[in-house]
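Both complexes below contain chain A, partnered by chain B and then by chain C.
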Partner chain A sequence: MLMKKVVVKNAAGLHARPSSMLVQLASKFESEFHIHMYGYRINAKSILGVMTLAAECGAELELELDGPDEKKAMKAIVDLFESGFSEMSKEKYR
Partner chain B sequence: MPFGKHTPVPKRDKISVEYLVRQIQKSVNIEIEACASAASCDNRFVTEQELHRPGLALTGYVEHFTYQRIQILGNTECDFLMEMPPEKQREAFSNLVNHNVPVIFLTNGNSIGEPLMKMADEAGIPIFRSPIETTRFMFLLRDFLDDQFALQTVVHASMVDVYGIGILIAGKSGIGKSEVALDLVERGHRLVADDVVIITKKNNILIAAATEMSKHFMEIRGLGIVDVMSMFGIRSVRYQKRVEVVVDLYLWDQEEHVNRTGLDHEKVSILDVNVPIIHLPITPGKNITVIAEVIAMNHLLSHYGYDAAKAFQEKLRKRIDDKSGSNKGIRRAIDYFEGDFE
Partner chain C sequence: MNDQIHDPALKAGEQLINGQAASPGYAIGIASLFNTSDLVISTEPVDESQVESEYAQFVRARRIVVFELRKILEIASATDEEAHGIIQAQIQIAEDPELDKSIRRMIMERHFGADRAVNESFLYYIQLIKNTGNALMIDRIVDIRDIRDRLIRQIQHGELVSGVVEGSVVICDELMPSDILLFSRHKVTGIAANEGGLTAHATIIANSMGIPLVINAVGATRLTSPGDLVIVDGVDGRLVVRPDASTLESYERAKERYALELAESALIVELPSVTKCGTEIVLMANIEFEEELDNIKKYRARGIGLLRTESYFIEDEGLEEYKSKEAFFEKAVKAAAPGSVTIRLFDVGGDKFSDTTTKEPNPFLGWRGVRVLLDRRQLLRSQLTAIMNVAGRNPGKIRILVPMVSVVEEIGEICREVDAITEKMRSNGKPFDPKLKIGTMIEIPSAALIAGKLAGETDFFSVGTNDLTQYTLAVDRGNRLISKLFQQMHPAVFQLIKKAADAAHEKGISIEVCGELAANPDAALCLVGMGITDLSMSAASLPRVKKAIRKYSIAEMAELSAMVLNAATQDEVQEILENWKKERDESH
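Then we have the complex of A and B:
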């Protein structure tokens, strides 16, 4: 099992489109994927689950991956967070 | 374990007295009026669900005084205070206000007089009065606090009320939990939550509810997000329901042992509460919705004292024991049914 903390970088936060990108990406991997936030542990392969978090820009999430391809999945998911879901970051937004 | 591990959400550690009073006025429908120091309600906090009647503390014995709890003054405590001369009253009451008491409730419409109210005011301890009888007031308040400080967890499942039985549908992502829930709603059953279910343990039973964000929305793969309440109407949803049966959907595997008689009742532990669980293999052409309805009806039947598997086992046992005369061999359900030609 792998755990890693990430920060939401895009200005609009985890709204519908980034959430769907995240879930789509996670579903490609076999590993179980959960997000920890506010002490809750949410199944991140469910779009309603991810959107329930309503994570804003700057929010810190902890990713939990568990399965045969967890390393590959973690890299891909962290890259997606780092890229700000190919949206504008707060600095560029202004 | 159908959900993997479910870690309890960290418990709420405190609620403000302002919130407590507002909620019990609004949701619990208790009549209360502020008597002293209402302004300090915002920064007074309740940290425990227990209540305390400070009889001994009033007599001066404060050794084991649980002052951090909500203090209830009923008939006994108020009469005890009121029968004293004013000087003694203040002395007795100071045992309370000298401690960091979150809030004091006077029940049964009792009153403790102006001078003591003033003491509470000075100490910044809010006092409220309710006309409700003490034990009943304590019961209602305890029930509310139990809920507020209850253990919670979030599971990835769908929750539907089927014929009044709360069925929690669990299983891996993409196995079709939401589709089963939608089909059940279409047949007139009521959706509690889809995908994100918050389970609260209260009085050793589990209550499932949706989250404030996702309530009555559903994700259907390939279609996206749909709103069940606006589509199927108010009768198709409900806020919360007790978890009575867990149905675990899984892809059928020939190696797996499947329960064929229904004589073994397996249980799953959620927040240390045992709930019956049914492992349901999914095969082509299987109508899970109808099976879910049958599970609910079977649960109702056993709740009313009839267990089909046990009844059949009993019948079989009798038949094996008694093989005399015409009881040999396999017989028709009915020997002769007169006049049945069409």
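Then we have the complex of A and C:
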């Protein structure tokens, strides 16, 4: 199991579209993916769960990955957060 | 007792409801109610033995909802990133693993009905999102509710259909094309609907399946109880609820007479389709569903003059069929042999597709037919590829028809796409049809007026009379306020058809009429009189049209059409027709 803290960088926060991109990316990996925030732990392959976090810009989240491809998954997901979701074209994550 | 206190007349004794005849025939039977406007969330607990099948209902509903969304995604503008993003997110919501867990738990452990489990699971998430106070998220609740409603509608729809008793008469508020197919599988003998339109898709299908249908029978669902004896009179457009003995008797006689007439038309089916002077008139069938293919043989149609392809898009039972559209085209080719199959490219838009993400103020004058195809090249190419693969295996048996052409450039652009695919097939060593014919729908007045120019760019014309009427008279065919103005036999419509026919004859290309106008025997006489010898219509109409054209010679019909083209009004057209027929029938 891997844990890593990330900060939401994009101005609008983790709204519907970034949530959708995150779930889409996470679903490509076999590993289980959870997010810890404000003491909650949600299944991050559930878009409704991610949306209920309503993480705003500057919010700190902890990513938890557990599974055979956890390393690869963590790198891809952290990259997505680092990029601020903005310039990711949907083609890239289709 | 209770009923009598409310309204003694309401649910007792004979009730006659006047509507509109939409598909001919009589049905006498027990009523099943199919009322989609009264849907409420079920509160009854589900029996332990039923929980698995209840959950399966949700899974089925989800599969259909996701399928529909993917189709919408396919045609949603590739450049409209926002719409794309929203639909993509909606698909993820429908497939959300936590949502699935929650719904499954509610059904399995708390014995909720599938609709209630969906409703409560969504409520939970919607409440949580509201609690965040995040305005951006709260704005998205509308998209979440949309998914919830789609799922619940699908679940309840399935229940409604399974509630339809085999062999009964269905009383409903309105009809979807897919409903009719489901009804026909339940061997429904007749249908009456509170609402509907004569040219609506569902009506056309009811005709093709030979199910008597009355539409605009206002109050039908309110005045009928399940189990009532009812009569659907698809000849005069009436619904009789709980008929008296004498009414029942006279309708039983009418039903017998009608069956005799049908038997007579069965004899006509066997006769050759020639005019009195011996000219062959090619009568073909309009087809949309696999279920209709048997009609080709039954009514001796000479091929398929119009194969509609939109149902891959809107018919929810067609999930698997969508993947195998090539298989459907192959079946159509077999059924049409030795005739050919004219496949109309995806004619989406207007009344046929209400779920686009782009809202248009004037959809009938907007983004439809070839306009959509040229903007969505991927959709166009995938359709062309499927058609051309089948054409390659059956050379000479398939023709392509392009809908909603209003300017010459559109047809040129389609031809270029076809050429590119042909080139690809050639270099891949795949069989292709080197003489594949590409036709133009004449359904917009501009296309009829420049038919001479279009004829140089295309292999054949096919006149779509519903849309041609709509655009010529500027009458929305779905608008009841002006339904009197929807005059398919207006002289202006005939003049435009004549213009296209003359251009086709002059340039040596073929022309046919594939609209419902051809199914009207009187109109068919006028069309043949203009030199149009190929007609395509719903197969069930073929015998009566054949019966009409066999009575007269080409010269006689040409005389008739010359008079009709000169008329000022539709009433005058009808008068000319009546007088002309009377004169002939007396002298014969």
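By our rule, the second predicted complex is superposed on the first by the 86 of 94 C-alpha atoms of A that agree within 3 Å, B and C clash if a C-alpha of one lies under 4 Å from a C-alpha of the other, contacts with A are read in each partner's own complex, and residues count from 1 in each chain.
Convention: a contact is a pair of C-beta atoms (placed from the backbone, for glycine too) under 8 Å apart; a residue touches a chain by one contact, two chains touch by 3 or more.
These figures come from a predicted structure and were not determined experimentally.
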{"item": "Superposition on chain A - do chain B and chain C clash or fit", "value": "clash"}
{"item": "First, second, both or neither for A:17, with chain B first and chain C second", "value": "second"}
{"item": "Which of chain B and chain C A:46 touches, first, second, both or neither", "value": "both"}
{"item": "Partner chain in contact with A:32 - chain B first, chain C second, else both or neither", "value": "first"}
{"item": "Touched partner set for A:56, first chain B, second chain C, both or neither", "value": "second"}
{"item": "Chain A residues contacted in one complex by chain B, in the other by chain C", "value": "43, 45-49, 51-52, 54"}
{"item": "Complex interface listing, chain A residues touching chain C", "value": "12-13, 15-17, 19-20, 23-24, 43, 45-49, 51-54, 56, 90"}
{"item": "Chain C residues within the chain A interface of the complex", "value": "81, 84-86, 88-89, 92-93, 96-99, 125, 128-129, 132-134, 136-137, 140, 143-144"}
{"item": "For the chain A and chain B complex, residues of the former touching the latter", "value": "27, 32, 38-43, 45-49, 51-52, 54"}
{"item": "Complex interface listing, chain B residues touching chain A", "value": "4, 6-7, 9-10, 154, 156, 173-174, 194-196, 211, 213-214, 217-219, 225"}
